[in-house]
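One chain, chain A, links the two complexes that follow: it is found with chain B in the first and with chain C in the second.
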Partner chain A sequence: MSILAYIVMGIGVAFMLLGVIGIFKPGKDFYYRILVACKIDTVGLLTLGIGLAIYHGISFFTGKMFLIVIMILVLNPFVAHIVARSASRSGYDSIGDSTDVDESAGEK
Partner chain B sequence: MGGFLAELLLLVFLVLCALYIVFSRKIYRVIIFFAVFSLITSVIYLFLGAPDVAMAEAGISAFTTIFFIVCLEKYYSRGKDGRNEATAPVPKVPLRVLLPAILFVSGLFALFILYAPTGYPYTGLRDQYLRMFMRDVGGENAVTAIYLGYRVYDTLFEALLLVTAVVAVLHLSWYSEAAVPDGRHSELEDSRMAKFTMRIVCPMILLFGMYLVLNGHISAGGGFLGGLAFALILICRFFVVGIFDLPIKKALKLEEIVFVFIVILPIFAIFTGVVYHFWGNSVLFQTIYLIAMNALVGLKVAFGFFVLFYRYVAVERLPEEDDTEDVKEAG
Partner chain C sequence: MYVIFAIMLGLLVPYCIRVAVGPSVWDRLLGVNLISSKIIIIIILYSSLNDLPFLLDFAIFYALSGFIGTIFIALFFSDRDTKKGLGDRK
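After this line comes the complex of A and B, so read on.
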């Protein structure tokens, strides 16, 4: 059982590694980065949580972990959606631009 | 060793954040860095072995960040020029003032390091609390035992402080029933995704708050944190469907009633010893007392924060005087 848990947690860490590489990849725009950051939060944390739940077997801890996993599954894509939506609504259009969000873009 | 290094790194980040907060003039950035500061503080509390305080710090940081940003949006959306950031210039401090000040502060710091007490101070009281709290107050969480048992008098005054703050905000902010803004309050109100998320998340937060309140005497948590979680539900509701249909007067009345019960319960259970006289020092009554007090404190904090948030969001400023103040501040 613990071997399975380690494998699942390893998959989670691998997803996080890919996400970190993707975030700091040069020459990509803001929307690309937020897509990748959402992957770290959602898939990485989700797989880590499932791995921890498997590792501990059936207990009170697993129930709490299950609730946390559901929260992550619901909340993280929503948060990434909100950030990208706000950037789009405040007129930030960064295709082919690798700089950070311009501060004056939100001031209109 | 690794833990020590991580703690040291966090402390350095904490100092950098604090310096940025003090010296920056961009108010949105200050708010965000304030949240970062609180988060780092909370992790440091966790390193020091105080999960109750860490959770309180994280919850308060979440609450205040939303609170500040919403208030700022309200403030700027009513002004004429819109969202010009606070552009007050940093006052230039001449070197002949700055240098002695720096020397003085570093001298104080050196003295502090030189004469810092080595070893622990007197620990008799702490040892006695930790040894006796299960028999005296009950429960398994020493923090709850101290703030509901040994130091319940302080807790009463803290509760009184929150009541005073709420009453002061109510009476010092201009507000009329007709001035409640109707229509859209945030960008999220027509989003079906936000409504769906709220429908799933709010029961979860409610469950978490109930867990914190009802388990406060045996694990980390307690009334204050549970109440904070309940108040966060109202903030979620504000962003998605608005809170202006909720009865604020009833919330205020309920808060006062709950405060009266917070005063009454320790009088019977702790101060006068009526419960002890009739039923002895039984575990059952101790547990009932702790759970009831935690629930009351949680309700009180939830109502108090709700009233504060409602009034800050719905506050109506007087038109003429405030406009002149805006001009003065901007110019």
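After this line comes the complex of A and C, so read on.
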């Protein structure tokens, strides 16, 4: 059983290490970075949480771990969306300069 | 398990570099968000290694407060015209 847990945790850690490369890629704008960062965060915590839950079997630890995993699964993309939205509304590093019309400027 | 713990600690460094280098406020905010989620993982791993299940409550609370803090900082910086610096709220 713990072998399975270690495999799952290994996958999670591998994702995280690969994700760091995505953050520091030159020539990519902010929106690419936040997309990568949010993904590796959620995936990393998810796999590590499940790995630890498997490792500890049925216990209070697994229950709390399940709660944390669900919470992070919901909250992390939500926060990344808000940060990206506040960046795009302030016109930072706007993606396509061709669409100069700022659609979101209208609804206020 | 200790190896993963060490890797997580080692992972904090690039995120701190991201916060320091980040050209704009939102990059720094992104770095802070990443660091806080890495700290959550460190708390979880620490509580798993030393068999202290009550530490997970701190991880839950820290996750919530970290996210709420990031949300309000992001909202504070939104609707600002970056050319004029501290533009007034539209």
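The rule is short, and it goes like this: the second predicted complex is superposed on the first by the 93 of 108 C-alpha atoms of A that agree within 3 Å, B and C clash if a C-alpha of one lies under 4 Å from a C-alpha of the other, contacts with A are read in each partner's own complex, and residues count from 1 in each chain.
Just so it is clear, a contact is a pair of C-beta atoms (placed from the backbone, for glycine too) under 8 Å apart; a residue touches a chain by one contact, two chains touch by 3 or more.
Here the structure is a predicted model, which is why all the values come from computation and not from measurement.
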Which of chain B and chain C A:Ile70 touches, first, second, both or neither: first
Contacts of A:Gly49 with chain B and chain C, given as first, second, both or neither: second
First (chain B), second (chain C), both or neither touched by A:Leu35: neither
Chain B versus chain C as contact partner of A:Arg89, first or second or both or neither: both
First (chain B), second (chain C), both or neither touched by A:Ile11: neither
Comparing the two partners chain B and chain C, which touches a greater set of residues in chain A: C
Common interface residues of chain A - those touching chain B in one complex and chain C in the other: 67, 71, 75, 78, 82, 86, 89
Residues of chain A touching chain B in the complex: 67, 70-71, 74-75, 78, 81-82, 86, 89, 107
Residues of chain A that touch chain C when the two form their complex: 9, 13, 16-17, 20, 23-24, 30, 33-34, 37, 41, 44-45, 48-49, 52, 55-56, 59-61, 64-65, 67-68, 71-72, 75-76, 78-80, 82-87, 89-93, 105, 108
Of chain C, residues touching chain A in the complex: 1, 4, 7-8, 11, 14-15, 18, 24, 26-27, 29-30, 33-34, 37, 40-41, 44-45, 47-48, 53, 56-57, 59-60, 63-64, 67, 70-71, 74-75, 77-83, 90
Chain B residues within the chain A interface of the complex: 82-85, 187-188, 193-194, 197, 200-201, 204, 207
